[in-house]
Amino acid sequence: MTTTAEPMTSPAAREADPILEVRNLKTHFPVGGGLLSGRTQWVKAVDDVSFSIFRGETFGLVGESGCGKSTLARSIVRLETPTAGEVRFEGEDLASLSRRRLRRRRKDLQVIFQDPMSSLDPRMTVRELIAEGLDIQRDLPRPERRERVEWLVERVGLRREHLDRHPHEFSGGQRQRIGIARALALRPKFILADEPVSALDVSVQAQVLNLLSELQAEFGLTYLFIAHDLSVVEYFSDRVGVMYLGKLVEVAKAEELYADPRMPYTKALLSAIPGEGGVRGRERIVLKGEVPSPIDPPSGCPFRTRCWMAQGICAEVTPPLAEVRPDHWAACHFSDRT
Amino acid sequence: MSTLETAAETPQAATRSPAADPATVPARRRHPLLRALRHRSLSVGLLICTVLVLLVLAAPLLTSLDPNAQDPMATFSPPSFEHPMGADAFGRDMLARVLYGGRTTIFASLCVVVLGAVAGTTIGLVAGYFGGPVGFVIMRLVDLLLAFPGILLALAVTAILGPGLLNGVIAIAAILTPIYARMVEGATAEVRHLSYVGAAVTLGAGDLRIILRHILPNVSAGIIVLTTTWLGIAALWITALGFIGLGVQPPTPEWGAILNDGQVYITIAWWITVFPGAFLSLFVVSVNLIGDGLRDEFDPTLARH
Amino acid sequence: QADTAAVDKNAELVVGWGEPVDTLNPATTGARDVGPLDVNMFDTLVWLTPDLKITPHLAKSWTLSDDGKTYTFELRDDVTFHDGTPFDAAAVVANIDYITDKDTQSNIGLNLLGPCKSAKATGQYTVEITCAQPYAPLLAQMGEPYLGIQSPAAIKKWGKDLGLHPTGTGPFEFVSYTPNQSVVVKRNEKYQWGPAAVGHAGPPDIAKITFQIVPNAQARVAQFQSGQSQIMQETPGIFWKALSPQTSRYTSLSVPITGMGIFAPINASKWPTDDVAVRRAIMYAVDREGVIKLAEAGVYPVNNTPLVKEVFGHDPSLEDMYPFDPDKAAETLKAAGWTKPGEFWEKDGKQLTLKLTAISTVSHYPLIAQAIQGYLRKAGMNAEVEQLATPAWLAANIHGDMSLTPLQYIAVDPDALHLWFLPDQYFNWSHYTNPELTDLINKGQQETDPDKRVKIYSDAQRIIMEQAVMMPIRENIDLVMMSNKLTGVTYSGGGFEYFGAASLAK
Amino acid sequence: MRAYLLQRLIAIVALAFGVSVLVFLMIRLIPGDPAIALLGTNAGDAELVDRLHHQLGLDQPLVTQYLRWMGGVLRGDFGYSYGNQQSVSSLIAANFPATLQLTLAGLVLSVGIGFLLGAFAAVRRNRAADTVTMGIALTAMSIPSFWLGLLLILLFAVTLPWFDVVGGTSWKGLVLPAVTLALGTIGFNARFVRSSIIAAQVQRHVVTARAKGITRAQVFLRHVLRNALLPILTIVGIQFGQLLSGTVIVETVFSRPGIGRLLVQAILAKDYLTVQAVVLIVAILYALINFIVDLLYPIFDPRITGR
Amino acid sequence: MGMATGQAEAVTSRGGAAAPPALLTVENLQTFFRTSGGTVRAVDGVSFDLAAGASLGIVGESGSGKSVTSLSIMRLIDRPGFIAGGRILFKGRDLVELPERDVRRIRGGEISLVFQDPMAALNPVYTVGSQVVEAILAHRPIGRKQAMERAIELFRMVGIPAPEVRVNEYPHKLSGGMRQRVTIALALANEPDLLILDEPTTALDVTVQAQILDLVRDLQQRVDTAVLLITHDIGVVREVCEEVIVMYGGRVMERGSVAKLTDDPKHPYTVGLLGSMPQPGMKGRPLQAIPGAVPAPLAMPQGCPFQSRCPHMMEVCTAMPPLKDPGDGRLVACWLYEGGATP
């Protein structure tokens, strides 16, 4: 297997200031097996992924269900312990931190989750939910914590009288606002948003996206934004990464990626956006077959089994994520063809 | 294996209509306990149970007689003004025995569930939260205990400890412990993967805080439901032990032991058997009604949405 | 007597039996209630009439040597065992050898033999049994079913499992035994050697008997009342009172079980009953009459002396020694330095606490224990009752882990005292040793002059009563209820129900 | 499928092993010398105690003791019951059939009647008949079986002598004990079957089935009942164990022979070898039944093997 | 197989200006649910029609009453729900009044329904083939074997590879896309005149969604079936339908051709809905979101359900505006287009 080149070495990238660097990250889960049935199998949920996120940008991550987006995200914030590789936050390897140091460091990396119900403890009031981080970290004296909670709840578009209610008393959009307030409470530098709007209705989704944009401007936040709605990602992200079967297969500026994808899978994905046919005049590529199992991925290029361009080499050599254009990285042997 | 009672709950959860989805109901809801009171079976159960408990607690006020005082002149007196529930073979007043016996039975049953719940919950929380090899070993031990059907395990424990009320309580609590452990472990493992626990971790919360603040409160509905379900069964088993002579020793009154005393004379003196049996049945019915009501209101599968 | 025409030769009898069976092997059983089962399957050398007269049975006649040590029995020559083995002197020898073999772990049987442990066949049908010392009780005790003669072939064949294959020469042959369920026997068609004293010749009229083991008194009574059994033993007092007046339907039969009646040994070596004052106080504090009334509907007569009235040596003069007198109990305790600051008596800061053990499987013992407990508590003694199944109860008594325990002992001779009050005896559950008493009882065993013997036992009993190492409670009677269709049920001396002469009308 | 079978098989063997270890340890947990405890009456005899010590191998390491004991058990030798003066295996052999008969009768009643009541209530959901049926079920669950047994005896065996009080194994003697044994589980099953059926009724595929245009009866039989059978099957397995251990009380009340009563007596008599054997046999039997249920699972739910 | 014959007609019967007699006409349909909190008016006066072979999309946010509408057409509304009013004319017969027996003949025969979640829609304990066979046998007097052959045929038609093998699989063995193909095969089993697809692709990934939409479009061309496509994604409608209905709060807000509606929405709700969806080239600009949230089902306001979120809210909005043509061949239910806009 070819070693993956460090993708972010372009002059442009070097000028920028990476807040987060992910190098050769692998997260594998054991499945089946147990004590009795001998050989354990592994789901390679994230398999050798490297990229960087720059201060102040929004990095969008797309890919089909099960391709490892959430696992990658959870591994970054260490909700999952990666099998290998490193995650540097502001130059500091998170794995090297002691438990206590890590817990202190966490306030800089916050998460907004997909499911607005299961991400809020149903037994807590909104006040307790938003204040929990402050209560744990104890950087602020009590009265100031209170003030900050009250300010936050209004900032995300709720009212003070909502503070003593429980999550089930709110609609999905309101719950997501609570989740955002909680993530903001510790004044983080980096927010990981794992499908923050997928469960919401279109009209509410727009409200939440607008809120996230405002907050980014206001606090200089950096986002890692995961979504499966490709239009939303295009709208919301500065740069976009595409994942397939645990691997990052293409990374580029949003406009460029949507205008000129270099990896066949990205092409197929973008062409599948419903209703876009008329708008962009793209030719619909309907993929055949199904996504292979992440337990037993194909050799070489993971996409080769469904790729219309696949050739002999694809089965033998895993194409590295290589810079095909300035700031445009793709993992394909034939990325120069259209 | 014998998660009989817990297994029973799951299908009911699915009967909820989609209208109950609060996602679209941002209306303010009352506290579940308050809501629960509107539940018919729950309020009836609570009423009966409260009356029984009050009666039993007020025993010294309701009768001046010592439940153990023997009276050769009163043997087998049928119910009368003097002995409203009659007297038994030793001329002991049945009213006093039934009331004081209720204290023993109800208190012992409560001890059983509290003991089982505390032990089982602790084990379940530890195994479910930390998982890993330790959790695996704990849960296999739990499986092992669950491989003994119900009262058989209690009898085996009684065989080791010997007869007696305290031993009976321990024995029955020993059956409940793995049942609680299994339920709590399952619920914990599930809650542990919910994103709000993840959220707490990213806020910097430690294990203890997560267990106490986030997991325990969210598995508590299941614990409450299990406890009411098992309180009735515990009462039945405690009395069963008393009935077969493995529970309290004479002359301590206890419903099961009284039934055992009275069974010989059932054709001659029905009152010795009928009153404690009826009280016991009523108590178990009321506890089961409460359990039904709480299950409807608190079902852990509902709390999840 | 029933009309002979109505006698049903195919009758099958169901008996509601009150106690579980430990084993059917007469030599190893320790249970009184196995006696009546065995008496129907096994014959003994002599037959004891209900009034304890010794009459011939398997032995036609017997003599005692002048030194009082050797008994010679002339045996019948027309007897065969159920398995076809002929009965002879060798069989008797084999039985004595079997009982005295340590591996057998004989219980009552061995005790009944006393010092007479060797047997010798002096002819095909003549057997000599020799005692180490003169042993007066032997002859009567030979009539107890625990010394029933077993087939030597069976002894050899079955070994440890002999109890599952009881093989005797008795009127009924063993069919099956299901533990906790039933013992079934059928008529021995060849039976021609029944005891003359019973007055029934030839095989029994009843074809099959099922002893259904129903320790649950309620179930036993219900079974009887609903006609599912024709006879039940151990009728609880209250039912006896209710059923026995119904003479148009039921016949009642009181079978006096001789010996020491129902009594309670009092542990003289364990605190607080090691204090004779406490023991005496117990005697005054417990109203035996009341106990019987409370526990057993008052259907039994009180017994106030160590030996019941049927037994040789009974001494009526001891009867009034401890009248029911709670004040006297209190005085006795006070005099011995006990004080009563609260509900219970105390001495040296220790509360007067008594532990009453009771066999849980026989319904009347727990009841008696509870009634006694009631009286003791009223008298300021903190009594606790512990119900135990037989083996555990035995262990507790042997280890002295109790204060007193109600029980029965069956005997046909006053020598029974021997087992209960001599040191190192299995049954010395009073845990009491008194050289004077030991001496008296030993003398009584060897004394052949009846008058002198009466005096010896009278003295011995006086010591026992004065020291209050046992509390006599009541006479031991098996209250048997039967349907009027059943006639001819009798019992052998000592109190063993015998169906060899019974018949059941259609 | 093969993998599933193998996995279940390994699981039950492991379980049986664990159970046997626990049961083996049980007797070593009894305070004091187990030999003295076992001998009871004869405990005074030091020689006998010594001999038993050796017989039980108490002088050897635990593992050896276990292996010896297990070796005996596998040959059907559970030791000797001093209280009953016969081998434990013959005691069990004599008592087991009656218990099995009672348990099976109870199972037939509790599953049969429970199913009918539950299905009836589910079909009449939220109507008066449903409420009444469920009320009866709850009451049945709440009545102590030993008390009920007494009342039944009073009514149907004494007052109206229809059935035998002490019936041994005849059918006349079986009816009342079986009813007593099953009543609680009938109540439980009625409730459980009802909620299983209702749970199956609200499955989305039931709407699909109705959208095909088949009749309501066909929908109920093929798509509701069929899918409700799986949880019910699980319950049957569990219930077998419940009923089996419930015989402890019923056999005592009805003076029926059986291992339940044998167990109670053995406990009271501290006849530990018998206790050990009964507990082991019942637990293993229970595990076996659940193993069989496990094997039936894939027939009822093809998803199981995929798990 | 009789599918190919319909093809020619399908072309002609679609979008004909001659306005052929409608296959389905829904008139003022009202479907309510009785709940402990009160009556939920899930569908409250919905009207539309659909010509044979035509295709109509229904879009709307969650809870707008789309599924209840489709279940009402199938007469599959159960207690505590009931059809409170209106008519559903199918081939001239009113399904609301039809006896159950006749409805059963129509269900799965002349009208069939594909549900959103293909896993939940298939019974896990039967093979997929036998579930299709069941649908065939419910309407055709043929043998099991023949039915199975037809099921294989159907599987092949919906693009399931190796159909002879796949008919014997259980649902859980199939991927989401395959399962959805099975439910479509199930729906086509009896060559229905009307195929209702209730969010057929919501649970699927984009690439699989594209496959399924391809299949639907293809089938529409080959089989003469009218399609009612329910979705919350206007993009999906754009792929398949000519016309679309926008629903909100159990009512129809607007109806028109897909192009007209997306290019020039008239109803304020439609405007807001489209404004909420990010379009290419909108980057950096905030989305035109609709403020507030959908009212709870029991808290629906009197009159226009959208009034509480509408930027043009007027007093008259407390009365429900009728669906009217503002003059360009579409229908809008808003007082803004009710000339003069005065109460």
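Lettered A, B, C, D and E in written order, each chain numbered from 1.
Here is the rule we use: a residue touches a chain if its C-beta (ideal position, glycine included) is under 8 Å from a C-beta of that chain, and two chains touch if they have at least 3 such contacts.
Remember, it's a predicted structure, so these values are computed and weren't measured experimentally.
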Subunit E reached from subunit C - shortest hop count over touching chains
2
Please give the intersection of the contact partners of subunit B with those of subunit C.
D
Select the chain at the greatest separation from subunit E, using centres from the mean of Cα atoms.
C
B-D compared against C-D, more contacting pairs
B-D
Between subunit A and subunit C, what is the gap in Å from one C-alpha centre to the other?
89
Note: subunit B sits from subunit A at a C-alpha centroid distance in Å of 48
Gap in Å, rounded to a whole number, between the CA centres of subunit D and subunit A
53
If you average the CA atoms of subunit A and of subunit E, how many Å lie between those two points?
34
So subunit E residues touching two or more other chains come to 62, 293-294
Two or more other chains are touched by the subunit D residues 150, 153-154, 158, 203, 252-253, 267-268, 270
Among all residues of subunit A, which ones touch two or more of the remaining chains?
171, 174
Would you mind writing out the residues of subunit C in touch with subunit D in their complex?
16, 20, 22-23, 25, 28, 30, 105, 107, 160-161, 163-164, 178-182, 212-216, 218-220, 222-223, 225-229, 360-361, 387-392, 394-395, 398, 426
Which bits of subunit A are touching subunit E when the two form their complex?
64-65, 171, 173-174, 201-207, 209-210, 213, 228, 230-232, 234-236, 254-255, 258, 268-269, 271-280, 284, 286-287, 290
Residue positions on subunit A within touch of subunit B in the complex are 35, 74, 77, 79, 103-104, 106-107, 109-111, 113-115, 117-123, 132-133, 136-137, 165, 168-172, 174, 179, 182, 186
Touching subunit C in the complex, subunit D uses residues 36, 40-45, 48, 80, 82-87, 90-91, 94-95, 98, 150, 153-154, 157-158, 161, 164-166, 168, 252-258, 261-262, 265, 267-271
Can you check the complex and tell me which residues of subunit D touch subunit B?
15, 18-19, 22-23, 26, 29-30, 138-139, 141-147, 150-151, 153-154, 158, 184, 188, 191-192, 195-196, 198-200, 202-203, 231, 234-235, 237-239, 241-242, 244-246, 248-249, 252-253, 263-264, 266-268, 270, 272, 275, 279, 282-283, 286-287, 290
